[in-house]
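Below are two complexes that have chain A in common, paired first with chain B and then with chain C.
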Partner chain A sequence: MAAGVFTGRRARRAALTASAGLGLGFILLPLLLVMWLAFFRQEIPSFPPQGYTLRWFAAVPANRSFASGFLLSVQVSVVATFIGVALAVPASLALVRGRLPLKPVMNTLLMLPLVVPGVVLGAAIYVGELETELATEWPVLGSVTGLIAAHTLIVIPWAVRLVTASLSTLNPVVEEAAKNLGATPWVTFRRVTLPAIRPGLVAGALFGFVTSFGNLEASLFLVGPGQTTLPIAILQYLAWKIDPTVAAVSLLQIVVIAVAMLITDRFVKLSQVV
Partner chain B sequence: MTRAARKAGAAGLIAPATLVVALGLLLPLGLLFRYSLNRFVPGEFMVDALTVENYIRFFTDPFYTTVLWRTVRIAAIVTVICLVMGFPLAYVLARTQSRFKNLLLMAVVLPLFVGNAVRAAGWMVAFGSRGVLNASLMGLGVISTPIDIMFTETAVIIGITAVNLPFMVLSLQSVIEGIDRSVEEAAFNLGAPPRLMLWRVLLPLAMPGVLAGGILTFILGMNAYATPVLIGGPRFQTMGPLVYGQFIEQNNWPFGATVAFVLMAATLVLTSLSNILVHRRLHR
Partner chain C sequence: MARLELENLTKHYGGQATVRGVTLDIPDGEFLVLLGPSGCGKTTTLRMIAGFIEPSGGSVRLGGQDITHRPPWRRNTGMVFQSYALFPHMTVAQNVAFGLEMRKIGRAEREARALEALRMVRLDGLADRLPRQMSGGQQQRVALARALAIRPDVLLLDEPLSNLDAKLREEVRIEIRQLQQQLGLTAIMVTHDQEEALTVADRLVVMAEGEIRQIGSQQDLYERPADRFVAGFVGRSTVITGQVREPGLFESAGGLRLRCQGATAPGAASLVLRPEAIHLDPPPDEHNRLEGEVTFASYLGPVLELHLRLSAEDRITVHLPNRGGAGLIRAGDRVSIGWPQDTGIVFAGTA
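Moving on, here comes the complex of A and B:
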């Protein structure tokens, strides 16, 4: 009897672990298949592979749309992350420490770019930049500046979310002590607050960067003729065909993002972020 | 510092970011809605008007209502599959004492940041006529000719499910972590079989997570873009690609704006309805 209960329990545990593994496998399977394809010797993705090679990786930099897409993506995401974080840090300070009317409304507004669907976000920013261009004759639509502006909007909610989370764990008594000892607000911020919220800041910047780097829908509306970001280049290539070259590009992207996540994990535990 | 000065200081700190979002997104959303009331005249692009004829056209043309219905159906099916597949994984992640917990969590989170196009590519590798799935099934002798999965609704549902599953798992996991383990043990000690414990104890307590994860998954399913475009193929229409097609390819801004607002409104109405229904059942 006791042995029966015991095996029943073990069987249930095994079933639970197996179904959890099934879920995890389902999440990871497409990534693993793409990474596998990157090493195929033949160009057509037919199975089983006829052999393995690294030559597709060598071909990646020679592909103009991937190379220029990667450069544009890095450029746009880096600049947008800097601007977005620079806007988000003071806003987070005001949200957590300030006495403001309509705080929830402001918070909702700052989260808006995360809530609005990707295609609607793209269409709205397209219209906004179009009207700006019509009003000022400044050709912002289709320019890199216009793209950076849109990506700044994408970075802001992530940065605000992570910096406010970090700030709310910091006891305000510490900052008040600095002020009582004669520190100006700026010195208090530089010497006390900033070092304390550094993990949240780094995580916010990295999450903002990664989301901006991977953004497809909004960028699709805003790139100029002949311009592509890396996700757009991958989409357009895949709409045409799938082969080891695009798989190699994808693998490189996965590696970059995995490294960014590992760095983030050193600063803040992922479980507290997502 | 006086209270007034503090207030002014805080307002000054938050002003730049809020202004950027208000001018960069909120105002354009208003403009987009205004566009949806304009008229599209072929050859002349957009003509100023104040009409709801775009909305009437959307809801009277069977092509567009079919696209809306297909999108809602796919999002709903994906949400249910995500819930069933995500719960065990979320439970194990929440309860595990393993030192690899963070690594497991990263395995769930990482795919979120690897664009949807790349993940769709993975399924393209699997579903092709000589892809992994057909090759293995034929190798096992289950089928003799390759089955066409690529460019079907099933393939799109599988693709979007894999994309949305991490969101469901994370929403459930954070709630399950907050449920005291002793509650489960109490149910077992009182003689409840595992199934009863799950239905009567764990699931009701995890309901906020189920609701949050379900709503998030549904919204993302409604708005999917890369997955239906790549796995569904050029003839497979859902709302996301339809917005882009009308806006950029057809240059029909009024109708593109209309589709965008129908998509947002449908998502909002359906998620609020399910929210109300679940709350009513919980607080009966």
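Moving on, here comes the complex of A and C:
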């Protein structure tokens, strides 16, 4: 009987491990395939590889649209992440601590950019920017400013989600204690609230950055002539060529994101936040 | 350290009054306890003193100054919370020094005073720990040190012992009382635990439904309760409902005729009896002699608790001192009990 229980438990654990492994493999397979492809020698990717080379990596910076796309992407994502997080903090405070009417509605509205399909979001922002430009003659359409504004929208839901999550683990009584000891609301925020929500802040910034960096659909509508972000540059390249340069670019993109995650993990243990 | 005066302090939420006209004068160095069931307004009163809740009316004066509308960070009150409320990312020493830092006290003096406060609660050896590395009792003592370090005009304690287990609770409350006396602090503690209230207080305030029901010493509340609520809330008691027939004669709902004092006006009334004031096998000349059937008996160590049925309608709880050795009384036994006429307290009305 006891043996039966143990075999049952062991079998269950084996089944769990197997299905987790299967899921992980399913996620990793395309990534690994792309990484492998980046080193193939032949111009048209086919199996088996006819040898290995690094020349596709050399081709990446040589390609003007990849180089400038990468720089623009970094620029837009970094600025949008900063603005998005800066907006998300007061929004989260209001959502968790404030006495707002329609709190669930507000929360849903802030999550909206995550829910609406990227193409719809992009088209909507395009129309919005077009109308703004027509009304004010302010050349926002196709400008980097317009692009950053759209990416800020992409960052906000991530930042709000993760900041509110870490904020709700902080007992408001701790903030009261600070005020009781003589801290003004601003000092209380800086010395007590901010350190407590730091993990959520860092994680929110990371996820916002990664999503913004990889965003294609919304950006497609908004880039100006001669300007492309990295994902758009990849798409345009793919339109007429499928040599492993694209795989090499993708590998570089994966490396950028992985490095961002590793750096973040040094400051905040990601396993605790996500 | 200062005198605290509350005058007609009131708080409404919408149309609902949670605190109504609380007036208290707490002299310098007194330990006052606000006692009452949850929702009686005691915590709201304390939070109005700390400045976390804006009163709807009335005033708070601390050391002669009106602080009614001052924000919490500009009042010199030291608060200890039920949930400790330590800053989780700061060490014990940083927690205790926080209030001093806010007061722009230089680093050297700050560290010295923080250590001194920690020494008072015997935790100076754990200054570099983080709160999460400590037990609940230790955390609450750190919170106490943090509140004391700023040398507050008044120490406010909001159910500070409720999260601790029974043994620790006793230890920490004695510690709080000793420190308060040593430092000559004015202190106000909120609690629903009467034993806790009775051990530490110089003076107690019983609150119910947002109002003060009685202010007095432990003895006042226990022996001379102002109303049936206080009588029932402070200490154990049996309430027998019935009528005052004539001065000195109470007739219970079950028809028992009992001699009592203080009952002059005939009419509906209730008689409140403390379980330990009733004794077994009374002398023949006792004022009230009754027989009853034991419905429930429990052995509590120092006392034996008996529930008796005196008539179809009347029940009574009796505590007998445990003398040891004597034959235990069991459910189903019939016993005779009695009490002198000046033991019970009669309150007019049925409510």
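The rule we apply is simple: the second predicted complex is superposed on the first by the 238 of 274 C-alpha atoms of A that agree within 3 Å, B and C clash if a C-alpha of one lies under 4 Å from a C-alpha of the other, contacts with A are read in each partner's own complex, and residues count from 1 in each chain.
Simple rule for what comes next: a residue touches a chain if its C-beta (ideal position, glycine included) is under 8 Å from a C-beta of that chain, and two chains touch if they have at least 3 such contacts.
As the structure is a computational prediction, the values presented were derived from the model and not from experiment.
Enquirer: Which partner does A:Val60 contact after superposing on A: first (chain B), second (chain C), both, neither?
Expert: neither
Enquirer: When the two structures are overlaid on chain A, which partner does A:Val74 contact: first (chain B), second (chain C), both, or neither?
Expert: After superposing on A, A:Val74 lies clear of both chain B and chain C.
Enquirer: Go through the superposed model and pick first if A:Val34 touches only chain B, second if only chain C, both, or neither.
Expert: A:Val34: touches chain B, not chain C.
Enquirer: Under the stated touch criterion, name the partner, chain B or chain C, that contacts more residues in chain A.
Expert: With both complexes superposed on chain A, more residues of chain A are touched by B.
Enquirer: Tell me the contact category for A:Val144 with respect to chain B and chain C: first, second, both or neither.
Expert: neither
Enquirer: In the superposed arrangement, which partner chain does A:Thr211 touch: chain B (first), chain C (second), both, or neither?
Expert: Only chain B is touched by A:Thr211; chain C is not.
Enquirer: Figure out whether A:Val192 sits in contact with chain B (first) or chain C (second), or with both, or with neither.
Expert: In the superposition, A:Val192 touches chain C alone.
Enquirer: Where on chain C is chain A touching in the complex?
Expert: Touch residues, chain C against chain A: 50-52, 71-74, 77-79, 81, 83, 85-89, 98-99, 102-103, 143, 146-147, 150.
Enquirer: Could you please specify the touching residues of chain A with respect to chain B in the complex?
Expert: 12, 16-17, 19-20, 22-24, 26-34, 36-37, 44-48, 87-88, 90-91, 93-95, 97-100, 106, 109-110, 112-113, 116-128, 131, 149-150, 152-153, 156, 160, 185, 210-211, 214, 216-217, 220-221, 231, 234-235, 238-239, 242, 246-247, 250, 253-254, 257-258, 260-262, 265, 269-271, 274
Enquirer: Provide the residue numbers of chain B that touch chain A in the complex, in ascending order.
Expert: Within the complex, chain B touches chain A at residues 3, 6-7, 9-11, 13-14, 16-18, 20-29, 31-32, 35, 85-86, 88-89, 91-93, 101-102, 104-111, 113-126, 128, 130-132, 135-136, 159, 161-162, 165-166, 169-170, 194, 219, 222-223, 225-226, 229-230, 234, 240, 243-244, 247-248, 253, 256-257, 260, 263-264, 267.
Enquirer: Which bits of chain A are touching chain C when the two form their complex?
Expert: Touching chain C from chain A are residues 171, 173-174, 176-184, 187, 191-192, 195-196.
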